[in-house]
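Input: structures, listed below.
Two complexes come next, and they have one chain in common, chain A, joined by chain B in the first and chain C in the second.
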Partner chain A sequence: MSGHGKESFISRFVFSTDHKVIAIQYLITGLLFLGFGGAMALLMRWQLAFPWQPIPFIGHLLFSSSGGFLVPEHYPMLFTMHGSIMVFFAITPILLGALGNYSIPLEIGAQDMAFPRLNMMSYGSLFLGSVLITISFFMPGGAAGSGWTIYTPLSSSTTTSIGWGQDLLILGLALDGVSLLMGGINYITTIVKLRARGMSLRRLPLTTWGLFFSAVLNTVWLPLVVAALIMVLCDRRLDTAFFTAGPLAPRGGGQALLYQHLFWGFGHPEVYILILPVWGLVGDLLSVFSRKPAFGYAATVISMSTISVLSGVVWGHHMFTSGMNPLVGKAFMFLTISISIPTAVFFLNWLATLWRGSIHFTTPMLFALGVVFVFAIGGLTGLYNAVQTIDVYIHDTYVVVGHFHYTLAASVLFGAFAFIYFWFPKIFGREMNSFLGKLHFWLSLVLLNAVFFPMILVGLRGHMRRIADATGYTFLQPVQNLNVWMGWAALFLVGSQLIFFINFIVSLFAGRKASSNPWNAASLAWTTSSPPPPENFEVVPSVYRGPHEYSAPGSGDRDWMTQSERGSSATTFAGKETAVSVPVTSGKLGIWVFLVSEIMLFTGFIGSYIVLRLGNPVKISGLQVLNIPLLAINTGVLLTSSLTMALSLRAVQMRDYVNLRRWLLLTAGLGSLFLMIKFFDYLHMWESGFTISSNLFGSCYYLLTGFHALHVLSGIVVILCLWFASRKPAFWTVAEGRVEGSGLYWHFIDIVWVILFAVLCLI
Partner chain B sequence: MHETKSNVGLASYIWVFAGLIFLTALEVLAVSADFSKTAVLLFLLGTVAAKALLIALFFMHLKSEKWWVWLLPALPVLLSILFIFALFPDIVYHAAQTFEHRI
Partner chain C sequence: MNGSWGFPEGASAAGMEIDRLFYLAFWLTGVCFLVIAGVLIYFLIKYRARKGHSAYYTHGSSKQALLFTLALALAVFVLIDVNLAYHDHLAWEKIWSVPKDLSNAVRVEIGPKQFEWHFRLAGADGKFKTEDDILSVNELHIPVHTPIIVALSSRDVIHSFFLPNFRIKQDAVPGIVTNLYFKADKPGTYDIACAEHCGLGHYRMRGWLVVESQDEFNQWLTEPLEETEPTAEWGWEWGARVV
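Take a look at the complex of A and B:
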């Protein structure tokens, strides 16, 4: 419940906890950054088409110091920020933030997300991140220029990547990561716990399934890259050397390749994080506009889960040319190619859904069909990249750029447009102009191919990926005309998006009023008014059938039946599959999902330490430099705090609130004692010359234990909040869940320390 | 509200706590004694796993949870182990070879 009574403008639209308002916030942010990233793409295409020529109209405004044209150092900044913004601040907010927030509660029959305030904070974190990366353009030294992958050692050294722009990009991405984690926890908990009566898993729309798997992937893999980014930041500003080696790390260093593993450990699932919701949406839309049930519903969901699993074990195909072990490369090649099997199941099911359907070529349907078309090209070109021996030749060429623009730009963007055109009437209560929508689609389809397909052609001629001027290379001069072609096509492509923006704005104020179900769709969201009331449904719905009941017998003069309609063909409630039977509270489930992400975050740190330590010829053990007796005592202190925390829960279960307060206070006290001992340990070591930049062990020790200490501090704050709240009897009704959740977090911190104590101090 | 009541009593908590302290003391003793590095390493791996399990089972009450709640921590732990081992060929062995080559 989010309580949407009489609210001020600020609380209604800025600090709202209503999932629908938050979705609109995400949508507007994403669209703004889409325009921003698109403008940067135009600047790059201009530079490649007409190298070092002044940029017409806006050149003097943007690059006044250089006479209105790009200088060499601008180009890396452009492709870095274009990639980062498009992936993390344009597409992600639109597809995960807006589509996820708007559709999930409505499609499952919930009143809001499971954690409305966490939802608000999730957007807040993204907003802060977007502010940081916007500011980064104005920092001395300019924006980041190390590529959207932020590869080390280029990004981790302040001699090669000098400006604060790089730091702000890293911080911005870390905040975006935190936002996605909060969103992931919310989506998973909401889908598992808040489904309406009768909404079994087999009755979930495919969009919701796609968002669910996307949230799972985010929760599991995103923390790895957050850990990597924190280590890059330490390398840059604290003189550590996690990712630098050789002369760059005179006191002994780490491995640049490690960063690539951590980055792509998340980076490849990211493709599926973005595409799975789109594929789910396409599955639903093809069904709605073919007026047929989605073919192979169960196979589609199984394919989604298979892809989710496989996406986490194929990251190495991005690193075939990095000097990685060729045997490992072969394993990654095999696994990568195997992803094409579940993907093919998707395509088969889509085509079978269309087969002999009564197809309605509405604007969302056109964009859904566009996704099928462009992803087919993207997927097929991806197969070549997955083969080790071919990848050696095409790596870092425009073939790769063309491939990922088909998969990550074209299909994901078309998916985003399909979402906006389909959901606009529900979100804003008005319809978008159909003619302008179709014009937008056809122009986008033609022009997008006019830009991206030649990328593959020039790439096959050896056009390198990150060069600002191809005319300097004799072998590339024959393809320069294609660069000019792509430049003009890109200009028209971006221009054609103005049709969308005009349609969006005009329809917002002057569009035809939308009915509750303008598409005659069957899923639950279309049974409520457009826009929906504050708590989504006037009456809490019950679900009797699947989300794709089209051309079903018993639907009378209509060709669809909504999920909440009873009828002769309605099946009974799905029994144990309903949300009621999930034997865990939302809060507890949310904490467990959070702990999943925490486990992966510490895997990033501890795993890095283990492999760097084992691979480093200079063996430094904690036994040589650390005060083991003191740390052992500190371990005892933290273990004792776990006991007192467990006793807190026991007290609350026995309704013994006096002892609850005592145990909570004692736990916070023991946590504080742990931190104090840690502080004196740091102080002593620092004074004896063992600092974070002394050597690799020092870097790892301070980072890992420091990060753990931050967790302890957070735990203490939470426990003290509980302690204050427990003074009031009103709290006692929710005390057990709160204490249990906080306890899970506290005990997890204990387990992390148990591992750190052995791995860092004793081995 | 809490739906999976803990059946862990006070005595169990105290025994688990005592076990944790005992294992920690054993760890410190093991590294101070004159055992082979491999033996100490294996021993520490065992004690860390035992301590983590004790905390998870009794303090976090996994002992009384449904099987699918077990999956939530088990899945990332398994992935973590796999991920770290996947780094060995590139980071551990590769780095050592590079170092030998430099020498």
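Take a look at the complex of A and C:
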């Protein structure tokens, strides 16, 4: 406990770098937003059941200006904010933020995340984001209303999305994205580098595997949508036209569908980002509570990785009706439905884990089994959406809404509950009430189906999604009674979640004290006390076997063996023991993961530039507009700075700190010179009438080079920080790693510039 | 085949193909679901924890388990994936292949803008963007049993032209022209809906499609125009992609 005893409340619970505290921050944030999103769902269901009727009890409080009922402006805000909040501020913080942060170090036998301060900043960024979207409800014009997909040009024109709600939602999502990227860097680095001795990859719990893949998907795909959202913001506020086309964009050149490609390039992986940890968790929980090893561990992990890869190449199934070439559509269809193969392997392994087990129906087990059941429906209904001809009918109807509520609001949410019920004793040192837990499960299971299955039914009758009132359509006359039914069922569903919240809060203060291993589980987290000490383990454990050693013959009077007990070798499941020796430092690995996401960010920008330019009939050549000699000189300046950066690394390797400081300063100076030249270049062009809104090329030029300049600026800041730090001898022990990492970033920035320069001149 | 799921009344033979494909998918996924749910419930009852019974220790990493997994993967691939893709292909050919003989086809331009459907037919001269174009808002008449060839482009945000009774929809995107082909087989008045969220009036962006005999249609063409906006404001060249 050394050093942890005397901290103030603030530094212990607010600005903590302890992954366990940060996990709790994520958990509470996610639960608050879950309640918020649920309330919005109720308002929507009320509106659909009884269109334009005053809302009982709370109507006058919420919508006093209209007399207690919704007006047409409100409904889009409700589904937009419900969707965005549920996905990005409720489910994601609970599963990636809380489950990821809490479980990863404990399950792999680490003392904390690889970068604890980055971890703290990651939550801070999410927190800022959630403040922004909360404020957005109170802006003039109200919250955003263009759907959680933020489709352009509806979202990108201020004539169709008025007010600042849309901008705040975008900024909030961007901050959430930054938070996820920082989290991803931590998760990947921690899992690769900080495993305890003997924790080979084949001995990782499946939850950890799921979190690992989802962090990888986040790192790779999230930057695409961040790039797209930044361009939407430019369209809104800087008068560019990247995604605005047709009569809304008088100067032309933009492409509305480009946004959809970028959005779904991330959006489809996103659903796997959320479900992968749940799949892993279900695999682990079925094993714990069947008292049997997880069946087909390797096949499960291989399926996870297959799906991770496939998820990146199927985005087009969201765009079958957008005017896509049918042949391309067929390819997307086939790739999409082939996801059913690895998915089938999951189901096989889950059922086979239960087979001949000894099944204990604890609350977390019920929720895990619930995931198997509702994900069967969610996964199978996905096939309909993937088949092109069927999708042309059901696209943008309630079939889709029903399908993704089965996968997200049923499967992922059940996964979140399974996580909370299972980990609660470890996190808070107290047990949750199991009667209330089971009641919560059964009510949720029945009511979920009572809400979400009718969604599919009304969808098959053609009920469009995102409409505030179905009663105006002849073909929708028969669905209104189902809409009323869903209204009541949703009320009871949301109401029944109160049982959970009450259980949670009461158990927090009055629950029975939990032992260190209340579930008789075998993974490392359950070998330490509940709650664990700040450094997680009294003694850093060594790992001797896989995470699922239940009912092994010869394990004595207990039916499990924890991963860290030595035991006789006869009962030890094979699986190579590895001392952890990955030949890069944590710092360097972290930088590389970061660079991958940076590369994807610039891929988003540069790729958009190429697509937009090639599609634009107005041909302006960069060679005519740009001041090529000046830019060439500037390129020289930047390349020289790469050289000085390399020299500073050499200096640090030779322990020559005097020259190190010299070269660092020179690098920063050259970087600043680059920015100065850039500034004059901008100034000159702007004054001669070539502005960000002159034409498509202008918009792209300022966006791309402006973003690059921001990177140069941050690079300079990093180098100056190094320079300051290098005055103190204490720095010298870590100097080489720091300089090398900053150097990688700096070289990356220079390479990006060379590519930008070439692309701007040639295309 | 309007069946128990209560699809909207079908108005085209092509639409019925989609219903058929739906039922195929329904049986395939239904069987999968029953197998999963059945096995799940059976195992839960059979292997519930009881005194004196302990779990069977296996990692499922044996050769048999591996073979079983591969066999399942293959079965899913062939019976579901390939099967669906094949039938999708057949249905697609029937629904979307534009007939060779288009001498009597009717061409329609659709230029929606927020919360209204704007239609334009070429008029007697068969050419768009001329004086005798026929304009109509929210109401489109078409002759029965006649190929209808549609070109869409939005005049503001994205909308989606949705004919539930025909089981088809096509987005209208600003800046590009998209196409749609269909044929009505049953006279009547059907809903036109917008399927893509286009703003606060999305829910009421409703139109009517009137399918009638050739004579009635010809009669409609001669009725005075409701819309008077200048035709030059919208419309486009019928490009190579439009037959």
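By our rule, the second predicted complex is superposed on the first by the 745 of 763 C-alpha atoms of A that agree within 3 Å, B and C clash if a C-alpha of one lies under 4 Å from a C-alpha of the other, contacts with A are read in each partner's own complex, and residues count from 1 in each chain.
Simple rule for what comes next: a contact is a pair of C-beta atoms (placed from the backbone, for glycine too) under 8 Å apart; a residue touches a chain by one contact, two chains touch by 3 or more.
Predicted model, so just to flag it, every value in this text is computed and none were measured.
Based on the superposed arrangement, let me know which partner A:Pro76 touches: chain B (first), chain C (second), both, or neither?
A:Pro76 contacts chain C only, not chain B.
Tell me the contact category for A:Gly323 with respect to chain B and chain C: first, second, both or neither.
Both partners, chain B and chain C.
For A:Phe347, decide between first (touching chain B), second (touching chain C), both and neither.
Second partner only, chain C.
In the superposed model, does chain B or chain C contact more residues of chain A?
Chain A has more residues touched by C than by the other partner.
Report for A:Thr585: first if it touches chain B alone, second if chain C alone, otherwise both or neither.
first
Is A:Met432 in contact with chain B, with chain C, with both, or with neither (first, second, both, neither)?
It touches nothing on chain B or chain C.
Where does A:Asp396 make contact in the superposed view: on chain B (first), on chain C (second), on both, or on neither?
second
Between chain B and chain C, whom does A:Tyr384 touch in the aligned arrangement: first, second, both, or neither?
Only chain C; A:Tyr384 stays clear of chain B.
Between chain B (first) and chain C (second), which, if any, makes contact with A:Asn616: first, second, both or neither?
The answer is first: A:Asn616 touches chain B but not chain C.
Output check: A:Ser290 vs chain B and chain C. Expected answer is one of first, second, both, neither. What do you get?
second
Across the two complexes, find the residues of chain A that touch chain B and also touch chain C.
Residues common to the chain A contacts of chain C and of chain B are 245-246, 255, 257, 323, listed in rising order.
Report the residues of chain A in contact with chain C in the complex, numbered from low to high.
Of all residues in chain A, those touching chain C are 72-73, 75-76, 145-147, 151, 153-154, 157, 160, 244-249, 252, 254-257, 290-299, 321-323, 326, 330, 333-334, 337-338, 340-341, 344-345, 347-349, 351-361, 369, 372-373, 376-377, 380-381, 383-384, 387-390, 392-393, 395-397, 457, 460-462, 464-470, 472-475, 478, 546, 548, 550-553, 559, 573.
Please name which positions on chain B make contact with chain A in the complex.
These residues of chain B touch chain A: 1-6, 8, 10, 13-14, 16-17, 20-21, 24-25, 27-28, 30-31, 40-41, 44-45, 47-48, 51-52, 55-56, 58-60, 66, 69, 72-73, 75-77, 79-80, 82-84, 86-96, 99, 102.
Can you tell me which positions in chain C touch chain A when the two form their complex?
5-9, 15, 17-18, 21-22, 25, 28-29, 32-33, 36-37, 39-40, 43-44, 47-50, 53-61, 65-66, 68-69, 72-73, 76-77, 80-81, 84-85, 88-89, 91-92, 95-96, 114, 153-158, 160, 162, 164-165, 167-171, 173-176, 178-179, 189-191, 193-204, 206, 234
Which chain A residues qualify as touching chain B in the complex?
220, 224, 245-246, 255, 257-258, 261, 265, 312-313, 316, 323-325, 327-328, 583-585, 592-593, 595-596, 599-600, 603, 607, 610-612, 614-617, 623, 628-629, 632, 635-636, 639-640, 642-643, 645-647, 649-650, 653, 736-737, 740, 743-744, 747-748, 750-751, 754-755, 757-759, 762-763
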